[in-house]
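Below you'll find the structures, each written out as structure tokens.
Consider the two complexes below, in which chain A is the common component and chain B and chain C are the respective partners.
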Partner chain A sequence: MSTSMTPRSSVPRQAGPDQAVRGNGHGILAAPPGMPQSPLEESSRRSRWVVGILLAVALLWTLVPLLWMLLSSFKNRTDVTSATPQVLFAPTLDNYRNLFTGSNNLGPYIWHSVLAAGISALLAVCLGALAGYGLARTQMRGKKHLAFWIISTRMAPIAAVVVPLFLIFRGLGLIDSIPGLVLAYLTFNLPFAIWLMSAFFAEVPASLEESALVAGCTRWQAFRTVILPLTKSGLVTTFVLCLVFAWNDYAFAVVFSGPNSQTLPIAASQLVTQTGIDWGQLTAIGTIVVVPMMLAGLAVRRWLVTGLTLGAVTGE
Partner chain B sequence: MAHAADSSPVLRQAARPQSSAPKEPRVGFEGRMMTPGLILLAALSIVPFLALIAMSFSRVLLLGGVRLEVIGITNWVRFFTDADMWMSWLRTIIYFVLTVGLEMALGVGIALCLYRVLRGRNILLSLLLLPMFAAPVIVGLLGRYLTDSTFGLYAWVLRSLGYTGDILGSPVSAFAAVVLMDVWEWTPLIALITLAGLSSVPQSVREAAAVDGAPAWMTLRYIIFPAIANVLLVALLIRSMDAIRYFDIIWVTTNGGPADATKIVPIRLYETAFRFFDLGYAAAIGLAMLAFSIFIARTFVRLLDTRGLTR
Partner chain C sequence: MARVLYDEATRVYPGSTQPAVDALDLDIADGEFLVLVGPSGCGKSTSLRMLAGLERVDGGRIAIGERDVTHLPPRDRDIAMVFQNYALYPHMSVADNMGFALRVIKVPKDERNRRVLEAARLLDLEEFLDRKPKALSGGQRQRVAMGRAIVREPKVFLMDEPLSNLDAKLRVQTRTQVAALQRRLGTTTVYVTHDQVEAMTMGDRVAVLKDGLLQQVDTPLRLYQQPANVFVAGFIGSPSMNLAEYRVEGEEAVLSGGTRTRLTRETLKALRDEGTDRVILGFRPEAVEVVGDADKDHTTFPVTVTVVEELGSDAFLYGQYADATDPALREETVIARVDPTAPPSKGARVFLRIVPGKEQLFSAGTGLRLPT
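Up next, the complex of A and B:
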């Protein structure tokens, strides 16, 4: 971002400054390059400052709660509930240690969360890849209605799904079991995976399969050896997003899980008791719940836009 | 059937020449691929949907085996005459408009700022996206910690600015707090989608505007916003659908209180179903919510169908 002579290097910032130059009565070329006093330089510098300040505020607003959670998880009992915020303190691992020892060991809950979220994400991706491919390539009548039905099951309010599922699961004895949770998570992960994978498959030109078919592959072989490897990033993105949705679930687990299937978010909410809250342990659980999903999410950042808009918008 | 291959996202591939399709049974390869997923999805959606309808016309007995006792439209009469219920809908709409509105405004603002950053944009974006991946229940609990009137960080900041009230203890500030927690978590999503839209605006268009001497706000109003209108609409719809799906934050912070100030419809439904075990009435509420979300889904799909969007 140097002078008005190089508009390409500073495209987004050009609009305002040029107006200023024109107001000068000289036109673009007349603006003396490198002169700090020129209206162009001044205006673009000001807008750069504004952008910088706004982004700094956004960063603070975004990160302070997360950093505070991380910090607090290393504080002892008095520091964590001190009336004046403690930034410098003697760090301790007690909160994490307490989570994994004693009667309320967190270990099983982590295992339940991993199982329920992992299995449901895996099933969703496998079935979603098959069905998504079919949906992307089929030319059947009523395809639109099919697609709409799939997306509307993804968008159904959790509260409206939980009530009948509760009744059905109670009849089938699926309350307080990992399979029950997996099925509950599939109600939103499966339609999501089908729709998203179909968007990824639609990006792959059909001519590729045709050449594979001409080369003597069966449809399945063409799918398995030609198409699927091309959508690897789609498969990974779908898996990660399904995992995040299921891992973060509270609304289903609070109804369906019990001692044998309690997940991490439930364990966290159960630290809130009538007698008070151990905020040290709670921030520690929070960190354990949040950090893995953040890492997983950022790992697929390139495809996040596609994933989270269900393929309606592509990024980068 | 060529007319089916129009612009919906799942339909947008080039039409495959008929000749290359091997002779296959009626269902076809695509059909067989879809079967397992769709059967499971049908079991997970149509069965509960029918159960929901049946429940809404019944009294649901849970003790001694699950039984439905048909009671006609009693639940629905109650639904339409329940004054508390109407208040909940009103609150839901206010909550919905505030959260989604703020998220759209702030998200677009952040995206516009980010778009001007040339160096380090990726790392900035990654940091700003973090809240999106946090479990809403943790966001709620963390919010509770930050706003605690004796040791909360934000309460302390507000105290030094002269505000001493209990944030989650009084109706207005509690409502504002749960709205802001949702805004904190989901603004990044809007920023992310908007930024993708901005990046797809051809540079030549902006340059042309710049050379013509258009002021920044005019470029924004007449060049940028029209170009990303579709993307913004997608962001709005995606966010709208999830805004009525999630209620975890309210559930663990105020649980609908104080004095029902944050009792939006899904909270009331949960209370009805799993605290009072009136599953029939809860089913009626659930169906009403479902109708609302199907309306949004319909709009979303129609939008994808009629406009090309970015792909």
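Up next, the complex of A and C:
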């Protein structure tokens, strides 16, 4: 599974002819040096350019707003609202300092976000793994429909469930509580986790757990010692994605949370007041919201890539 | 070590009316190497998985030793299984793979390491113990899978086509190694394969299955010499037996044109009891001799050679009945082993004679072997 591991086959691998060709940097379609370029070569070169430009545009589209947010969070009030965009300025930590001092300290919001998103993602992964495993291994009629029904509950717009959930939560006394938010986030994270994990488990050959069963394992032991370690990338991928979904939630938090459970996105929205918008602090919160998720993504990038492309567990 | 008993063991898959394994009766002796063989879908793998406990038994029972294991989970059966794809745990080293079963049943570490090392020595795997499976070649992985089974010291080895992922040459080598290893360990083994050569070379006895039904279980030689029915006759042996249906006239079967083969009194009686004048006659490619023009008589038949396979040690001619009056017979291919030093040429017309007493007779109605 680890990408850093180099296979040490006892049979020495020879550099095959295809590798030699690939080595010249023109791809396998490259014509030998001195030969006129084929139309195929020409068009593949052009398509590479097109792809490169599109990627660059997409990258700018994604990064520039984030970068601008990061820069703005270190600007003072005049710089941030200046009519001409300021790229060079005297950086200040005032915005961050202001967020953590005064009557409306950001600390509790961060804590609420960490708790609600973290616990809900963890629960989603644990329950999703169990349900996904069951779904992947069960042979029954209408399994496909069941799987689709599960993921289809994820497709309903949040607005559609907010009101009924609000009534249920009020009855259960879950309004303005972290458990309430965790439950609310599970409504969209759990179907997703089940669906994703079942795809990962389906990739693990059934003979691996059969082999463990014959070796003396119970089902649970086989699941824990053989299947789970092989789906590590799936577990990490699912956890991170669930974490991001829950962390970014605004719609549920704005309805269900109160002073004891308000999350970071709520704090951001509170800076948009009728008397004006504190852009400096808003971009600082934005940075605080985005940076941890980016770091989490970077930290597990290796598993995310293999996880999102699946097929990482066949042992070949 | 133990005797294995299938007693009318039956498996019907949900949603199917036809049993995948239909009342299988097999009595496998302690230390025996039994091969289950048959075409795909014949129920051989299902039979093995029933013994492993990976497949439910819907009827009958299965016993290992004195113990009825019909409804026991796999882990309580004291068996070890080698899978077709080896099913090595990719996240564990070779040593951990081999010691896995011992770790599960909490064998102390020293004992575990000793047994793993012993098996690794036996299989020439010592230098690979720290590697992960993906850093091994196909043959090495296969040996690790074998090692994992050996370390367990189980009552029974179950092997599900363990050689089918190897290339042809390695498969032949490994075939003898596995058979030798089994003789040495003396552990009862049930081995599944679709390859009849593997079955014949490895098994003490071979059980032939078709459509979930046991056709015959016997030593390789007896399967070859006295197949119980037309299916076994055609399945065992390579190239396969010549089998075709002929008309019976008086006391003789009419082969083609003027060629006749005399039938014994027992055979004729069986045919009379069945009330038929048709018989299936089979002969192995080596049970015919090529005769010169001068020696032809009413027991020889002419064949037009279409293909000659020269293998060096052997040569086989493939041909068509040259003077068949029966249209069905004209479609039949005759295979005969011929002298490899002087094989006939393609397109030639040769005369063949079935070596007397080497023909095999089967009922055209039931396919069962007829008395001779």
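Some points to look at:
The definition used in the following text is that the second predicted complex is superposed on the first by the 238 of 316 C-alpha atoms of A that agree within 3 Å, B and C clash if a C-alpha of one lies under 4 Å from a C-alpha of the other, contacts with A are read in each partner's own complex, and residues count from 1 in each chain.
Operating definition for what follows: contacts are C-beta pairs under 8 Å (C-beta built on N, C-alpha and C of every residue); 3 or more make two chains touch, one makes a residue touch a chain.
The structure presented is a predicted model; accordingly, all values stated were derived computationally and were not measured.
More residues of chain A lie in contact with B than with the other chain of the pair chain B and chain C. When the two structures are aligned on the shared chain, A:207 is found in touch with chain B and with chain C. Contacts of A:290 after superposition: chain B is touched, whereas chain C is not reached. In the superposition on chain A, A:276 contacts neither chain B nor chain C.
In the superposition on chain A, contact is made by A:230 with chain C only, not with chain B. In the superposed model, A:102 lies in contact with neither chain B nor chain C. Applying the stated contact rule after C-alpha superposition, one finds that A:195 touches chain B and leaves chain C untouched. Across the superposed pair, chain B and chain C both touch chain A at residues 1, 7-8, 11, 139, 141, 205, 207, 210, 213-214, 313-316. Contact residues of chain C toward chain A in the complex are 14-15, 52-54, 73-75, 77, 79-81, 83-85, 87-91, 100-101, 104-105, 128, 131-137, 140, 148, 152, 158. Those residues of chain A lying in contact with chain C across their complex are 1, 5, 7-11, 139, 141, 205, 207-208, 210-218, 221, 225-226, 229-230, 313-316.
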